[in-house]
Amino acid sequence: MNLFKYASPQTFYPLAGRLIPFFAIGAGLFIIYGLYIGMLVAPTDFQQGDAYRIIYVHVPAAWFSMFLYVVMAVYAILGLSLNAKLSFMMAKSIAPTGAMFTFVALITGAFWGRPTWGAWWVWDARLTSELILLFLYIGYMSLQAGIDDTRRSDRASAILAIVGVINVPIIYFSVKWWNTLHQGSSINTSGSSMAAVMLQAMLIMALGFWLYSAAVILTRVRREIEDRARATAWLNEFKD
Amino acid sequence: MKSRHKRIAIIVAGIALLAIAATLLLQSFQSNLVFFFSPTEVIQGKSPNQGNFRVGGLVVEGSVKRDGTKVAFQITDTANSMNVIFTGILPDLFKEGKGVVAQGTQGADGVFVADQVLAKHDENYMPPEAADALEKAQQYNANKAAGEDK
Amino acid sequence: MAPTALNNHLTVRNLACVRGERVLFKHLSFELNSGKLLFVQGENGSGKTSLLRTLAGLSLPTIGDIDWNTQTIKILAEDYYGQVLYIGHLASIKDELSPVENIQFALSLSGYRVDRSQVVGALDTLGVGRCADLPSRVLSQGQKRRIALAQLWLQDDPALIPLWVLDEPFTALDISMVEKLTQHIEKYVTSGGMVVFTSHQIPSFDVSLIQDLQLGQV
Amino acid sequence: MNKRKISTPSLLWRVFKRDITVAWRRRSDITSVFFFFMIATSLFPLGLGADTHLLHAIAPSVLWVCALLSCMLSLPRMFATDYMDGTLEQLIISNQPLLLIALMKILAHWVISGLPLVLIAPLIGLQFNLSNNELQMLAFSLLLGTPSLSLIGGIGAALTLGLRGGGVLVALLVLPLYIPVLVFGAGAVNAVSIGMNATGGLSLLGAVLALALIFAPLTASYALKVAVE
Amino acid sequence: MNKRKISTPSLLWRVFKRDITVAWRRRSDITSVFFFFMIATSLFPLGLGADTHLLHAIAPSVLWVCALLSCMLSLPRMFATDYMDGTLEQLIISNQPLLLIALMKILAHWVISGLPLVLIAPLIGLQFNLSNNELQMLAFSLLLGTPSLSLIGGIGAALTLGLRGGGVLVALLVLPLYIPVLVFGAGAVNAVSIGMNATGGLSLLGAVLALALIFAPLTASYALKVAVE
Amino acid sequence: MAPTALNNHLTVRNLACVRGERVLFKHLSFELNSGKLLFVQGENGSGKTSLLRTLAGLSLPTIGDIDWNTQTIKILAEDYYGQVLYIGHLASIKDELSPVENIQFALSLSGYRVDRSQVVGALDTLGVGRCADLPSRVLSQGQKRRIALAQLWLQDDPALIPLWVLDEPFTALDISMVEKLTQHIEKYVTSGGMVVFTSHQIPSFDVSLIQDLQLGQV
């Protein structure tokens, strides 16, 4: 099989079209199930009571805010080095979802901080670097939108995405490198310091978010391909 | 110079700069860019000697004394501890034995006058029963260890 | 090195150029040798400027290769750029500097230093010697154009600069100036230089020197 | 023709000198950044009222933020005129690596718009009642930090070359990347104010500068090529 | 030809609607001012370090200064594209007074770049631990003050139309004129913080607005005529 | 009002125009009546555009007066502007709006509302009906030019708009379009309109309608 075959928009477009429904349905199921376990089945926490349940949204959102940025940067690198249009389109389509998750992580964090820490917001390293991540996403999207010529907008914003990737390890390790008000990691290579049900619900939610991202991003890529190839003939074969 | 040679020279310069950056970074990690200081650091004089700063640590068991909205307690990092007083509403998670970060100024008498107290909880999440069980187990282990020591 | 000994070649193989979503040209191949003039023709928007910019190294070919004496220009990079003189639509003249300063700077970008007197000489040849020390801001469009072209008089040794890439060099020039420029280009080519140029008017070069390239019939 | 070859350093020096000359001939460019810095810093005392303690406490942050903003406002000038008049094309196909040329232009930008701030900042700091030690640290941190601002800004300037609404866009791109410089720079001055050791902040500033020196010219020169293509 | 006369208000409404439509179609213009405001305000806490009290104390001043700066950054857009594509000429020789047309364009500018700030400011205020009362006063003072910023800014934008280095120049012209708005606006919020009556500041803000409404369109429209001539 | 009843006059007395330190023209006087075409000629930089902009009310005369039906246009101001249609070098087209929106806006500036269908009709006449709803950003230079000219088809009632001021209306148009525009202008003039225009090419108007004005012999 020729893997590169899927790197061409012509092949990718129908493939993505077939995959999207599965991702979308899966996302719905996992998120509902995760919320069910998280909100109703999982026990209250010994210190935080029920306030901790924000964890089921906050942590997966925070994970995906960082993860999607890295994926976006990888696509940017691929795009620049292989001159692959589809990579640029992927990167462009990831950004809004990544920004959305960043925003969700920030907001849920703030709503969580109020009852637990006693403050909506503090300027510790974790919170600040996550805020910078939001700004980077916004910068990326603004640059994309600000350049009319797609070839240039793709490349220019790819450069920005790559420059900004340095922020991700800073977010991740901030709780280790500096002492922050934000807690350290509950899950790491040596295991987890969470009760099993809680962890389970959180992972299910993360899976749901993953499927959601896939569905939304692929939809966006398809629209992007349509926009860019409105004139090209092959597209008509797949639309009635 | 051929362009290839120039490129090599540039790369060498880049590597040298990287090395400088790395040493500077390592050096900076030994100094104090922190959200809060521990009581030990305060006692060693690593904290600011004027103005506002933050102290973080665990609330010493049995040290909390309330008087209306006024609270006095001790913060410890297990090695050293210091006295804190605060007037106002404490966060719900403020508990003896749990993490806390207080912001304020240190008076001449060494007492830290806080104007804000934030709760810093740890990374453990479990149901209350499990926490109880765990505590009992630890107690048991501790007793056992103490017993064995004898 | 005697000029007759020059034997450079520029080889273009299977070149294609895409701008936006449009293919401007594809399967373009040709070879150009020292002592030849390539006259690129085509209607508005057929991709002449795009081709010249690619040859000059300003944009990378979408598909295809460009070789300079058997090595691809992408690898040669600065070693190739140093041998090419590209004069495009824009005059690349800074308003704040005088014509002499502008030209001296342009030459130093190709790695050469020239004296003021030489630059003034070239400007005189082009009929703009009077403006040599004015700030370029006050010059008219046609004068700026002549100053940009003065480089051709200072960089006309094919042993040092074997290739000129000229995008519409005759625009905005009056008849006598067109004549002068035509002769100068011819002299450069016969002494072993290689030229790629575009123009909407048909210039009066010696036919034996010219090699034609028609764009726009994809 | 009687031409002599010039060496790489000599070429680079000419690129630098040319930018300085052009700026000098259009002096209003230099002075306006300078005055912006002065006006913007004096806005804060106006907004705050007369509390000297407060003023003193916020001085490092205000001065540093205003330095960021003035540097950012002057960014479009780094490559924009060269882009419009075609010089940028010639720079790209000169016989020296664009990387080095971009570095020289960034350096020139710093001399034109960063260095003046370093020199005036202590004077403005006086208005905020900063002590001698603090003023020294302010100047020193700016000296160490503003080159990073020009370097990082160079990336933004190259990316937004020739775009409509470039001014605000460049702000969006560049300010988030400036944050570490701000945190460590203002942090160093704050540290002096509260009687602590400032070396941590300074060495981080140094590290940022070293990293920016490696990556900024590389990225900026790539972005320039993209812009011209 | 089947044409109908339209009334003056209807023409003015079209001028307004057109600017809004154009801005909406180029949404990135609106959002980037908005985000600039968010980023710039977050810079100050970063420079200050941890002190929540300090943060609280300077919040009104910081938010107001940043409102000034974002408004100023978006000024070049008010007339510049119309100037470049020739629409401005047509506006000048339309059959309605240029004064009113300029007013509509300034109003549209406010809706595009002032109003969003008013709406987001309370959210940002939260990051600075402002109380409910303070947040309300902040939003209200901005609501009263930002139109003056657009009005006064309109003069600067018109005066610098088509000049090189317009960005920094407009800053120099406009920032000094913004000072009263800043002083009264930030003053009103500060007054609430220390439990005083804010009506003084507010009525002064109102007075500035009234004056700006009278003089700014007049001056701006005159400057526009000069710029086009 | 029947078109033949129109009897407007534009009177220029002793007009001078100074730009920078240069006097472009002085002592310029002429009178133009309904049903006449004023063809302003002169070499590059002789002040044609400057004159037309003064007539349109965009710049004030340095010296001299311009009267519209016995009253000076400076006093008439908006009352005069509402009667003049000026189309200059710039197309005054916003990239973000569609051609239809652009034209509707341009007409509302003279105080009129037209329906979409009418605008599309005019665009069809000019051969750019297909582009009616695209964002203007994607149009080529020539298409933009046609859209600017579409106003001439929507504002061709001399009773409402008695004066057209057209600066090089034929630029960038192909031959058939030049023909169409010539005829349209002629129709407007014969129905009582008054036109001032410049052009570097000599148009084929009915000679009896034309009144000449030569600039540049100060």
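When the chains are written out, they are named A, B, C, D, E and F in that same order, and each has its own residue count from 1.
Heads up, the rule we're going with is that contacts are C-beta pairs under 8 Å (C-beta built on N, C-alpha and C of every residue); 3 or more make two chains touch, one makes a residue touch a chain.
This structure is a prediction, so every number in the text was calculated from the model and none was measured.
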> Tell me, which chains sit next to both chain A and chain F?
Replying inline: E
> Steps needed, at minimum, to get from chain D to chain F via touching chains?
Replying inline: 2
> Using each chain's Cα centroid, which is most distant from the centroid of chain E?
Replying inline: C
> In terms of residue numbering, is the interface formed by chain D and chain E classified as same (over half shared) or different (under half shared)?
Replying inline: same
> What pair of chains has the most C-beta pairs in contact?
Replying inline: D-E
> Which chain maximises the distance between its CA centroid and that of chain A?
Replying inline: F
>> Using mean CA coordinates as chain centres, what's the gap between chain A and chain E in Å?
In response: 35
> Using the average of all C-alpha atoms in each chain as its centre, how far is it in Å between chain A and chain D?
Replying inline: 33
>> Centroid of chain B to centroid of chain C, CA atoms only: how many Å?
In response: 67
> So which bits of chain E are touching at least two other chains?
Replying inline: 26, 28, 32, 35, 39, 46, 49-52, 54, 81
>> Multi-chain contacts only, two chains or more: what residues does chain A have there?
In response: 119, 122, 128, 135, 138, 142, 146, 151
> Which residues of chain C are in contact with two or more other chains?
Replying inline: 78-79
> Which of the residues in chain E end up touching chain F in this complex?
Replying inline: 1-6, 10-11, 14, 18, 21-22, 25-26, 81, 84-87, 89-97, 228-229
> Which chain E residues qualify as touching chain D in the complex?
Replying inline: 26, 28-29, 32-33, 35-36, 39-40, 43-44, 46-49, 51, 54, 57-58, 60-62, 64-65, 68-69, 73-74, 76-77, 81, 165, 167-169, 171-172, 175-176, 179, 182-183, 186-187, 190
>> Considering only the defined contacts, which chain A positions touch chain D in the complex?
In response: 128, 132, 135-136, 138-139, 142-143, 146-147, 151-152, 155-156, 159-160, 162-164
> Within the complex, which stretch of chain E touches chain A?
Replying inline: 27-28, 31-32, 35, 38-39, 42, 45-46, 49-50, 52, 126-127, 129
>> For a test of understanding, state which residues of chain A touch chain B in their complex under the given definition.
In response: 43-49, 52, 55, 115-119, 122, 124-125, 177-181, 183-186, 193-195, 198
